[in-house]
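Shared between the two complexes below is chain A, which pairs with chain B and chain C, respectively.
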Partner chain A sequence: MMIRNSPTRVRVGAISAVAALALGLSACGSESDSSAATTSDPDEVTGDITLLTPIFEGTEGQKLLEDELLPQFYEEYPNVSVSVDYTTYGNLNEKLTTAAVSGAVPDVMLMGVGWIEGFADRGLIADLSELGLTEEKLLESYTPAIVDAGTWNDGVYAVPIMLDTRFGVARMDLLEEAGYDSPPQNWDELVEMSKALTVRDSDGTLERAGFDMLSLDSRQAFETMLFSAGGDLFNEDDTAPTFNEDPGVDALQLMSDLINVHEVEEIGFSSPDAAVNPLLNGRAAMGIAHNNLWTQGLEAAPEVLDDLEPFVIQGEGEGMFFGGTLATRSATSQSPEAAQAFLEFLASPGPALAANEQRGNVPALSELLDSEYVQSNGFVQFAMENLDVAKREGGPAEWLEVRGDFAPAVEATLLDQMSAEDSLNDLAGLVQTAIDR
Partner chain B sequence: MALTTPRTTQNPPLAAVVGKTPPRQHRPNARSRNKVILNVALALGSLTMVIPFIWMIFTSVESPAELAQFPPTFFPQEWHWSNYSEALDAAPFDVYFRNSFIIATGHTLITLVLGSMAGYSLARIRFRGREIVFISLVAMLMIPTYTKIVPQFLIVKFMPLFGGNDILGQGGTGWLNTWWALLIPGGLSATSIFLFRQFYLSLPKELEEAARLDGLSEFRIFAQIYTPLIKPAIATVGLLTFQESWNNFLWPLLVTTSDELRVIQVGLAVFQQLDNTSWHYLMAGTTLATVPMVLLFVFAQKYFIQGFTNAGIK
Partner chain C sequence: MTSTETSPPREDTRPEAARGGPSGPPRQRKYSASERKLRRTGWLMVTPSLLHIGLWTAIPVIATFALGFTDYNVFSPPRWIGLDNYVEIVQDPVFLKATWNTISYTFWTVPVSMMLAMIIAVALNQGLKLQKWYRTAFFLPQVTATVAIAMVWLWIFNPQQGLLNAFLAIFGIPGQAWLADPDWALWAVILVGAWQGIGIKMLIYIAALQNVDESLYEAASMDGASSVRKFFAITVPMLKPATFFVLVISVINAFQVFDQIYVLTDGGPANATTMMTYEVYRSAFQEFRMGMASAQSVVLFIFLLVITLGGRRATREDH
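Let's look at the complex of A and B:
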């Protein structure tokens, strides 16, 4: 894609070199691996497989996949051919649903965190450990929470490629102006600093939000605050919601108070569709942000990057959220070994690093922390360094069915139409009904 | 209001009755005042319609840094025309434009030919079950598009004797990833048939009777007598169909896997990632994508407006 122009081309070249090196390393490493796909003679792995992907889109992404990564894969697996179906995350669910009902399921599918359980539960995706990709093996390369995102009922159904993270971000130049030398360390400080950093004009019109929570999806904002309160979405075995217990109520109450009592932000001040994140143009002093704010800053306001400081929103727990993209294999694939070989290739260090850099995302593989890309992107580096405290959404197989109910419930409280407790209890009732159905 | 006071022989103008010179300036003044008010109201309405379009064009030439400014600028400080070339390089837009054009033209032709025939038959030919067919068509207007996607997809996938399928529709991919899937399922809509019916109903029955006396067949009455009289309808339905087809996104994405069959809206989606939108490129691509629709409207606006007036569409 021309979006990043020539610097990206230089980086892609560098990535190719890293990818080649990483492939070599992973090939060396694979000698001791138990994966069927990697222990088989690659020449014996054959098949025409299909890939459904919401990443690698656009000219730049397609070039990366088709001109750089696939030739590397074909070099190792000369008897496998891959045809690619590009889609968008916004319509991935429809693509997967129509594929599932018609029986034309792609051999390899990339999908989001929280999606795996539902597709595994319906028997649409295969247990990767059948061909050697066990949980123990994944734990050697990924943090437990990330591995957990791809498991279901003791089986491994997905392997992570990239992560999206949300955490707190502070504009240190604005904090220092107000006399603060570090981001808030707890909720009390968060409230106090947010109030102090909020700026209104003489008419009372909000000019600068002390703490922005409206530039990202309200479900994900709530989840980040829930994790900060030490809460979880569901119980251990994912059979009942727990987000309506005390930590969840406290988290949503804090969000509501910040808007309705402390007035550090107003509904409508920003939105996930805003042309620019208010942290970049100084309309917010702190906020919850996605890691790609760094990439946006590089394009729109490189001068503020030094002033952007990421922080885990500290409460009774650590407020950091992760989603991401994982690779899965169809349970009905006619060429399971070829599909698994390709899936493992995409998740290996070189291709995964290249895919992450193309989108400005966070590599899931712990070993990539030292890569040049990660070290050059302050937010990606921060995210990787703190992945051990990050929590994800999802859990029960019905997650995709119920996740759309979160935003209206959260927004009802932010709009001061319902108490936090009532909103979450009503939502928990809906979720429990879906789980029990 | 004085302007609407009836002037009859029984009710002479007040000035004549009282023997004074009538205030001749009164009516023209009021008329021009009303005209000014009307024009101001229309200008405001037009401005409301046009400003988002102008904003789109201005945004398409702004830099990310300018877009990040607050308060936002309306006029670009610098005109980055390179946004257009860079946006076009972000996806194979030449192929996407071609495909969108083929699909929109195909849908428009199918609709104009078959839709007008169906509308004519529902309006002017008496046959058993005509009302039920018409009510069914009206009922179809109420079905949300999303609910039809999976059944339509299954029909396309299991189309017999296509894409390696046997006579029972098994074993292959049917129409998936072919032009058939792009052209046939959306080729004809209940809305267009309904509109055509309404237009044909508005024409006088005498024309038909005269044509029959002259010995014209039903098809010639349809093609040579009635259809030439509904040019506004043809322009209206044609433009609406073309526009709907041109903007179609989900269906082409679902039934194709090859880039060679993807459409312009799929290309524009490249600029809208899950948590980041490249507004300058998106607006540049959208500006280019609207050009065919604007041109079509310019050439067909006379009939289009007539059609809307006749059909009472808002």
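Let's look at the complex of A and C:
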């Protein structure tokens, strides 16, 4: 069963957060003449604003936002009203595109890591530092890599609310049965253990995958392995792809070998939309997983939670990936102060913690490491403790244009249709063309 | 020689001026007050439709053609790039694969579903018990949301818990990863497309069957023709106009397949099931390349135009 914040706890957190925000930003106010939302008297902040959100979805999420969080915000800002437009990450692009074309861009938009650069570059979202939210201020509350996900060309365009992380997970009960007392420490061990843990029946039908990579989006699985190989997606100034260099080729080759040579998993054995993650029902001994596997386990198989051990996939580098959801403000908002006040409210500890709990995600705010939710969720706690080694996707403004091309390229190699090198070189060509366009 | 050619020319009873006769340029016909009123009323009646077509069809179509020559990412004004988008389309292996997939999908779904629809229509036209129930059952997929249908098929195709593999296992046939294996994924999508398309085709055939003269069957029976012979010698030829209509509509619909791809496969694995419409969607909403999406739409439009004109010509020749 999922542990939830009581409304009282959320409210106390939110009020203290807004108070802290007010204190912090009063300092910012002295540095800037601009009328930051939080330096104004909340009673003077007015406006009817819209929120476009891919989180707070479903009945539970909607209830949290409308019954708990919005009333708290209205207590602080009685002259602001918020209309909510719910969507999913799958449809967010379409919503944003049509909003941009029609000129009805929502005042506050929640979007993913890797999206900020493109929308900032195209002028859709505002630099939040214009209203006092500076990078220095954010660095007091977030790790540099997380702050970096919301910046573009020295401007702050987004504030993180939650993180989605991917890392290795091992079923220790199955590992111990096979004589292993810890997850793999390097790629050689990963291959050896995966082979040993793979189980087939007498007909050769795969019953248990030694290492599951197919329950995750293939782009994100590759990125996790790329980071594990010590590679990066792009060069330092994000002007050229580097994922097709040796670490990337090695990572994709390893993924392909695990399937096609070592046969520790088969295409079709699992998928991102599988009803139950194979790590939960014992159909996989190890795998790459999303942090919300813990929450899924709480609901579907609480008895296996003690056996699930997260680990950073070690290669030449450390394989841990983070994405997430960030709050942005429209550059064309008619009520920028109200929009920024609401954005800061959503990113403040109380509401952010509640939103993370609802989705089983990782709070971006460092101070929430000590919260009851984080301490009670093994994967979220592990993710927060290892955020310093996690890397994110994105980089150039064209990331949104090209990220959809990754899955077919990775799949072509996993299906043994193309070599890792050829797939990644072709993909790099497409990406470079988009960057140069 | 057609009957038109052998018919005597009909006398033109219009005034000479109206016929553009030798007396000079035709004069503007003067309408009476009641005729003018009638014309105004006519225009008034069609104005809503004209506005609708103009706003929601003509302008978007013209805009699509124009945007196809631009680099337009929604967030900044379109930039004229001439034929660059079309050059890229021709050189893009993914769009070429999508085109080939679309043709394959159409080639298999349309004839299969047409054939099944005709057989079912003929069977349901025999006065079976529960006829209405069967008609409803066969038509149901047509009026059910494709997304809902696709969700059911996702379960059917599931390699582990799916109905299809469980059924095959009864006969000792090994199951497949239907939607994850590039060798099977397109076939799986074709199966869903063919199944879903049967309903509307069946309905058209049933309507057409009502117009087949019963005396033809009676005469054939008297001549000792078998049911199969009657089907091929009477039913199929008499359904020819309906068949042409169903063919053209089905091909156009098949070329526009999108939602089942969106839900079932996302175009994968490794672009094995991507279609032209799906690439248009990807360009527009995943890559924000509205100019490219417009150019791809124009290519799709040309395909459909050729098919429609071909269908019209075939129908006209048939008549």
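Please note the rule applied: the second predicted complex is superposed on the first by the 402 of 437 C-alpha atoms of A that agree within 3 Å, B and C clash if a C-alpha of one lies under 4 Å from a C-alpha of the other, contacts with A are read in each partner's own complex, and residues count from 1 in each chain.
The rule is short, and it goes like this: a residue touches a chain if its C-beta (ideal position, glycine included) is under 8 Å from a C-beta of that chain, and two chains touch if they have at least 3 such contacts.
Bear in mind the structure is a predicted one, so any value in this text is a computation, not a measurement.
> What is the contact status of A:E94 with respect to chain B (first) and chain C (second): first, second, both, or neither?
A:E94 sits against chain B and chain C alike.
> So, does A:V261 touch the first partner chain B, the second partner chain C, both, or neither?
After superposing on A, A:V261 lies clear of both chain B and chain C.
> Can A:A275 be said to touch chain B (first), chain C (second), both, or neither?
Both partners.
> Kindly classify A:L124 by the partners it touches after superposition: chain B alone (first), chain C alone (second), both, or neither?
second
> With both complexes overlaid on chain A, does A:L415 touch chain B (first), chain C (second), both or neither?
Once the two structures are laid over each other on A, A:L415 reaches chain C alone.
> Which partner, chain B or chain C, touches the larger number of chain A residues?
B
> Name the contact category of A:L400: first (chain B only), second (chain C only), both, or neither.
Only chain C; A:L400 stays clear of chain B.
> So, does A:N292 touch the first partner chain B, the second partner chain C, both, or neither?
Touch partner of A:N292: chain B, not chain C.
> Per the definitions at the top, what is the overlap between the chain A residues touching chain B and those touching chain C?
94, 97, 101, 273, 275
> Quick one: in the complex, what on chain A touches chain C?
Residue list for chain A touching chain C: 93-94, 97, 100-101, 118-119, 122-124, 205, 214, 266-269, 271, 273, 275, 400-404, 407-408, 411-412, 415, 417, 434, 437.
> Where on chain A does chain B make contact in their complex?
My answer: residues 1-3, 5, 50, 57-60, 62, 83-91, 94-95, 97-98, 101-102, 104, 164, 216, 272-273, 275-276, 278, 280-283, 290, 292, 295-296, 299-301, 359-360.
> Quick check on the complex: what are the chain B residues that touch chain A?
Per the stated touch rule, the residues are 64-65, 67-70, 72, 85-87, 89-92, 149-150, 153-154, 157-158, 173, 176, 249-250, 253-254, 257, 259, 269-270, 272-279, 281.
> Applying the document's contact rule, which stretches of chain C touch chain A when the two form their complex?
71, 73-76, 94, 154, 159-161, 174, 176-182, 266-271, 282, 284-289
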